[in-house]
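The structures considered in this document are given below.
Look at the two complexes coming up: chain A is in both, with chain B in one and chain C in the other.
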Partner chain A sequence: MAQPTPIKKDHKLDDYNIATNCNSSFNAALPEWLKSARLNAYTDVQQSGLPTPKWERFKYTNVAQSIKNKNLSYAPADISTERDLNFVTDLTSNLNALPDWAKSFLSSAPAGQEKYQDMALWDINSALFENGLIVNILAHSDQDKPLNLTIKGRNGCHTQPRFLINAGENSHFTINETHEGEGDFWHNGVTQIHVGKNATLRHYRFQSNPDNAVHTQNTAVTIEEGGTYECFTMTMGSGLSRNQIHVSIIGSHAECILNGINLLKHEQIGDTTITIEHKAPNCTSHQNYRSVLNDQSNGIFQGKVHVHQIAQKTDGYQKSDTLLLSDTAQMNTKPELEIYADDVKCSHGTTTGKLEDTPLFYLRSRGIPEDEARALLIQSFLGDITERISDEHIREMAINQVISWLKA
Partner chain B sequence: MLKINNLHANIDDTKILKGISLEIPDGEVHAIMGPNGSGKSTLSYVLAGREDYEVTEGSIALDGIDMLELSPEERAAAGIFLAFQYPVEIPGVQGTTFLKTALNAIRKQRGESELDALDFLKLMKQKTKNLGISDEMLKRAVNVGFSGGEKKRNEVLQMAMLDPKFCVLDETDSGLDIDALKIVADGVNAMRAENRSFLVITHYQRLLDYIKPDKVHVLAKGRIVKSGGPELAHELEEKGYAEFLQEAA
Partner chain C sequence: MSSIEAETIEQVAALEKYSAGFSTDIESDMAPKGLNEDIIRFISAKKNEPEWLLSWRLKAYERWLKMPEPQWGKLKFPDIDYQDAYYYAAPKSQDRPKSLDEIDPKILETYKKLGIPLREQEILAGIEGTQNAVAVDVVFDSVSVATTFRKKLKEAGVIFCSISEAIKDHPELVRKYMGSVVPYSDNKHACLNSAVFTDGSFVYIPEGVRCPMELSTYFRINQINTGQFERTLIIAEKGAYVSYLEGCTAPMRDENQMHAAVVELIAHEDAEIKYSTVQNWYPGDENGKGGVYNFVTKRALCEGRNAKVSWTQVETGSAITWKYPSCILKGDNSQGEFYSVAITNNYQQADTGTKMIHIGKNTKSRIISKTISAGHSDSTYRGLVKMMPAAENGRNFTQCDSLLIGDQCGAHTVPYIESKNASAMLEHEATTSKIGEDQLFYCQQRGMNEEEAVALIVNGFCKEVLQNLPMEFAVEAQKLVGISLEGSVG
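Right, the complex of A and B next:
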């Protein structure tokens, strides 16, 4: 698939003037509607600047500061796919002939913008993206092989990849994303997903960028009647990461399952911010996140379930549990329910604690050395999440990554 | 030979054990009986090396080796095994994984080679047979969703697998019906050997009908107030502990 394009050194990223140098020759070839969408996004960012802790949903996560300290140039993202699939196409070469659904993705306002007015990261991506993928999963298709994607950060660069994914009616598909790289970089991705009627999309993400990296990823998902979206996110890397997911459930009997594991150490900051909008009756959304924080790391979980009046019989559940391995690590959680329907079953909960003495003693009394006993108990804590991963291969991969994180 | 001499132990500056001395020669089974709160579990934890307890005086030696110097895992390798009064649930850790990890950790500490998967399974099959522990039970997470009886049988299985020299059973009979009690007792009896000794802690004489002790000790308020033969257990069953509570007070 697409070869990484040479780095363009002429495009410096200037903190509050971020879009001024967007590539004019690239823009020139675009259709008018897209040019104007990019210009709108550009204007919005010019006005707002990058997110700072003064913005409510960025209270704990200072994106502006972590980007400002870097001297980054723009480069198209380095995206590779394990094999060629005829329904996965390169975004750049298709921008003049996009299917309608993709057009509407690119011309729509950022998910959550109307309510929060804080979607600058999305806007930056809209103003600057030059590459990405279009994944158009045909209706009724059942692919047993997943799409394996690797997205690599490049030292000294910021990248703005865009992914447009449409899961056709009754289709079944799995996407596995790996985020990695070397050196100092900023990944600012936007992924837009449409899950059609009775379609199932499983979406797995592993992020193990180096500590110097900043990883911000916006994902917007729309789920139609009877559709299922299952997402698992493993965050182990980046000095600062922000995984923001906005789900709109617009058809009845749909299901959204969001799971995640955050393993943080050093001075890493890991932020998960989720909004789920229930806009149809009889739907389910379950969020289960577990974090293990060591050293001076900082975890953030902000989860919101918004049940619109029409969404009777909603089953909405949200849980964030954290294990602190050091006295200096910190977890900030902000679970929120906003409910306008009267017949719903919604709950949320968070726990933060340390490893318990009794299980530790139990294992040690069986001859298991203290370090190994701790590692087993941490695995046991995270087992609650890994066992929710439907894909066996991915489940194993997640467990192995946990084990190697514990050993490092 | 396990030798406890003048053992004193505290939790958070509260004195719980107040001078316990006991000698349990190889091949023998000793029972400790006593009312609730007398310090039976504390003694078992201190023997196994739980760090919340502070030993302020006295000694514990197994075959002449000072146990107080050793961590819980080192004591396990030296041959101490504690069957917990309340076995701990470990969600997400499969029973077999747990057993294999424990066994190989101990073998490693003892300077023996680790067992490969096949040899391990063979050993496990052999040990589970008489304890009525199914493969299905071992596939589940350790003690999670187990009945009281299953938990206690699982403790005895671990004991059998780890091949200890000195076993402490803390109220392994509590909460068991008579059939489960027999299974557990048979498991323990099958392990009786010339070079292995047992300390069976119980509240009731019933267990001692199935696991016949060589000696019975009465623990009250952190002290051993009486020692005798198996007949002492029957005496206690009839008279209760009231007498000892007054004496110890």
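Right, the complex of A and C next:
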């Protein structure tokens, strides 16, 4: 698979004007349509600049500031897969012979751009990406083994990986991503996913970048009739992370399940921003997120369920619960509903608070030391999310990571 | 059934569609159209205001010129032409009437049509005893023309008068408190109000006094093309209690009317202020033509320990509602409450909610918001709950429920929840649904028609809020709920 490529110093990150020098990435060998798509993205970023808290969906997360302070050079992402699969191909070497669906992915406007006008991070990726993966899961295929991906950040670099995933009709597949790295870097990924008719795609992400890394990830998903997309995200790393997911449900009886755990400490900022657009009737979307915040960390959850007029009989549910472990940690929540259909069942709930005293007292009165009792309670608080993970192996991995985080 | 109740029902029943849509012809003392420094000087001079107030108005006006329109509401309306409106209109009566009999019969006629039980006051007092009496300070097109029950309030030491009178008689209080909760530079609409406000109410409850009756002001926009900019200032000293009612209605007309009010409440230690609003201004016709633009800035400051402020609102009118009654919970143990019913029908748009800013220790807030959308309308709950780092053991509970009637309307929830204190507990829940077929069927099976059934179910949906209204309003509000939804089913 993709071997680590040498770091290029040709386009430097220039404060707010990120894309200034990215013209050199308009490689002459690229097909014309891709060149023009890149140029459009490039122009858009030049006009808008990087996201600042003045942008509504970046109200609590100052991406511009955290990137501006870094002196980073571009490097292609370091992506490795555990094993070679014939339906997983490298993006760079295939840019001239892309399948139609992949072409339409790359030439389409960023998901949500039309309404929110704040997709600069996506545009930066579009203008700069050089490598990534194409995953084309064949119709009716049922793979036992998941695709395990490791995406590594490189010290002093910003990487812009692009992933194009197409789950064919009736297929079943699992993708397991691990994000890690060393030193000071910025990962700005874009993943585009299409879940075909009656297909099931499980998508797991574990992010444990070092504290000085910035991790921004845009994921856009479209789900066809009867399709299921399940996503679980575990965020433990990065000084600033933004996990933005945009789901469009375009076929009836489809299901979207988004779960996540955010474990933050020191001065970490963890932002989860979700938009689910229900554009077809009889669909279900469930979001369940839990965060545990320690030290001076800052958690952000912005979830939006947008039910279009056609999407009658929608069942939308959204829940975000947060435990604050220290007096200096803070949580900002903005669960939004935008509903234009009357025959729907939509609800959201959020809670923010500390560990309750009564269960703590109960455990301590039974001889369990305070630290252990706390860890147990936090583990059970997060258990509500981990038990929703349908992949057994991943579930265990998530629980282990929670335990080791609590011990550290 | 008491006579008042019967009459209220009768009046409200008579409100079918919008029978309040008429315009009384009273000679007005008007300032020329448009807004500039001279108009502000004119208003100030007309009202014999002190120099400090004029310079305050002018500062606000200067700020207003530079300020952008707030864009964040989920509202769509054409740009407002501020120069195409009158900023001052006062009924031409120099001498204050001594009793109701002296009041222009046309005005009394208007109230009769509206069903404001002004004449009912004495009867009310007679039946229920003076404890339950309601004092009314009527704002008739920008200037208070009648104030009843003043004597009784005076005995208790309560000051209840129009803000212009307060500026003359109690300048030290007005100067101290006006703009202390809502600064003139707060937002564009508050700025405009600060520059051109013509009247409003002033309430001062001295230390330890429990206001002997419910205070009530009926606002009425009457003059064609006059925006109404009233300013309400309520101060409750240590241990005082007051319940204040505000109810509004406006005549029917084509051009959109702009209304930008400012309400400031200050609750000192152990004081409690209860502020209730029923707003049924003209919402425009079935096609969304006309209607009032309602941009209101309402904010309360719980200044001292154990202070309590409770906002209750029933919003059924106006083409556009932009309103966020808020509480700043500064004193330790202070409490803020917000109960709201917002009903939109036809092409109405409402963007309303609250802000609860927890600053002091052990502060509590409770938000209950019920939104009902029908027809082609859109309604949004937009709220902020913020726990500051010092808000130890702060507590918030928020519940926002929306009900959709028909498939062409929208209901939205945009809550912001920010916690900077680990010991604070915040809970928020929101639901959106439609009226259950089974509930409708059950009611219809028992002989109700669909409209009645919907009104009954919606009233049940809003019960939690409506029961927080004072008696005088509760009956009217329940009927209003039904009327507002007329034509939305079937």
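One rule holds in what follows: the second predicted complex is superposed on the first by the 405 of 408 C-alpha atoms of A that agree within 3 Å, B and C clash if a C-alpha of one lies under 4 Å from a C-alpha of the other, contacts with A are read in each partner's own complex, and residues count from 1 in each chain.
Quick note on the criterion: a contact is a pair of C-beta atoms (placed from the backbone, for glycine too) under 8 Å apart; a residue touches a chain by one contact, two chains touch by 3 or more.
This structure is a prediction, so every number in the text was calculated from the model and none was measured.
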{"item": "Partner with the higher number of touched chain A residues, chain C or chain B", "value": "C"}
{"item": "Touched partner set for A:His253, first chain B, second chain C, both or neither", "value": "neither"}
{"item": "Touching partner for A:Pro335 - first (chain B), second (chain C), both, neither", "value": "second"}
{"item": "Touching partner for A:Lys313 - first (chain B), second (chain C), both, neither", "value": "neither"}
{"item": "Residues on chain B engaged by chain A in the complex (per definition of touch)", "value": "45, 48-52, 71-73, 75-77, 81-82, 84, 87-93, 98, 101-103, 105-106, 109, 141, 158, 162"}
{"item": "Chain A partner contacts - residues on chain C that touch it in the complex", "value": "72, 389, 402, 404-434"}
{"item": "In the complex with chain C, residue positions of chain A that touch it", "value": "56, 309, 312, 322, 324-354"}
{"item": "List of chain A residues in touch with chain B within their complex", "value": "357-359, 361-370, 372-373, 376-377, 379-384, 386-387"}
